[in-house]
Amino acid sequence: MGNYFDLTWDRIDSRVTADHVRHEAAGAVVVFEGVVRNHHKGRSVDRLTYEAYEPMAKKKLEEVGAEAIGQWPELTVAIVHRLGDLAIGEAATVVAVSSPHRGNAFDAARYIMDRIKIVVPIWKKEWFSDGTHEWVRPAPQSSP
Amino acid sequence: MGNYFDLTWDRIDSRVTADHVRHEAAGAVVVFEGVVRNHHKGRSVDRLTYEAYEPMAKKKLEEVGAEAIGQWPELTVAIVHRLGDLAIGEAATVVAVSSPHRGNAFDAARYIMDRIKIVVPIWKKEWFSDGTHEWVRPAPQSSP
Amino acid sequence: MNVKVQVRYFALLRETTGSEGEKYSFPQGTTILELRTQLGSHRPEVMEILSEARFAVNEDFVDDSYVLADGDFVAVIPPVSGG
Amino acid sequence: MNVKVQVRYFALLRETTGSEGEKYSFPQGTTILELRTQLGSHRPEVMEILSEARFAVNEDFVDDSYVLADGDFVAVIPPVSGG
């Protein structure tokens, strides 16, 4: 139990991620799952591949967690990011936070996701149903 | 799969609740768990008892879900509320929402929790470690 | 002619009254505001709870101007604390 | 005396260059800005990607004024899309 940060090539079990942040003083647990969806900007998607600069990505996940705890000291944080090939419906990211109260838990989970998308060196390739593929160029409004 | 609303006297399995909202177009899943914590306003808490006006509580959970879907039409919503005696660490409420994008999923989960605490006829009794007990009189800033 | 209603108590109100609820008979045209006052004069110990409570008829909140109909199921809803 | 650095490519940049990275030797005092320009002139096909990329040295982002040190591990970070 406690803060936890990991990159994994295996399927993420969000229950295991959430269990890291549970403790007796935590009245609120918020779990966010970023899941591979079957469409992006109107195009049909078959699967995704995630690539990371692994040691830096791990370090940045830890830093994002530390930033959140700096803002909300009562927070406990677990972040797991998947790498490799993912099918539709599989989780790419799971963020779990606990806090005595729900407002901070929601704020922190959202903050963490926003920061992950800026500072963690992980890239996503989309494999479209029409046979083409493309590394995603992020636009602020386009992400799950 | 789809929208789901329930009251239960058994332990809530948040994974089962979340599974109701998963589908292939959902890129974001947010799960909120309101968990019995071991303290309230500085007092040590041993356990809680939840009582509901059951038919109305069920109906109001459904209405809160419908309100959220009215605001965010791409949403799928599952809400389960526990009744009876709960130990520390057990979930009293689980709200799971999915959406193509994460912003709406966070907004909706928070909206749903805020509304539940206003319109759903469920009451909570706290059993304190000093042997006393008390029906909770809600204050906006006091809830998990 | 009178209207007969079933009044239901929950939580703190159930414990304070020692009752799950009561059947009442009121003159036609009685409103929730009048019911609120009557219940309070009948049971002074719950006056304060009643003043903070909302009322629901047949599973929907109603305001003080609601006129009771025969057969209504009236739930007294003290401030809720679920979630 | 020159500084030797290891430059590492990822994702789109790795695929476009067909390379995981390269070793370079630069005059002492070379900045990230100069490295960015040199890589672009060496590989015109990635000029646009480089213009949008950030650079990290030894696992931390650095800005264009950073002066390369001997042994630096320089990662070119195109806009990220994790999460």
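Letters A, B, C and D mark the chains as written, and numbering starts fresh at 1 in each.
Everything that follows uses one rule, which is that a contact is a pair of C-beta atoms (placed from the backbone, for glycine too) under 8 Å apart; a residue touches a chain by one contact, two chains touch by 3 or more.
Note that this is a predicted model, so its numbers are computed, not measured.
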item	value
Contact-graph distance - origin subunit A, target subunit C	2
Rounded Å distance between subunit A and subunit D, as computed from the means of their C-alpha atoms	26
Whole-Å separation of chain centres (CA-atom averages), subunit C against subunit D	73
Averaged-CA centre spacing for the pair subunit D and subunit B, given as whole angstrom	49
For subunit A, residues that touch 2 or more chains besides their own	34, 113, 143-144
Residue list for subunit C, restricted to those that touch at least two other chains	none
Which pairs of chains touch, using the document's own definition	A-B, A-D, B-C
Parts of subunit D lying in touch with subunit A, wherever the complex brings them together	8, 10-12, 14-15, 56, 59-61, 75, 77-83
Of subunit B, residues touching subunit C in the complex	34, 50-53, 55-57, 59, 81, 92-93, 113, 116-125, 135-138, 143-144
In the complex with subunit A, residue positions of subunit B that touch it	14-15, 18, 22, 24-39, 88-89, 98, 100-102, 105-106, 109-110, 113, 141, 143-144
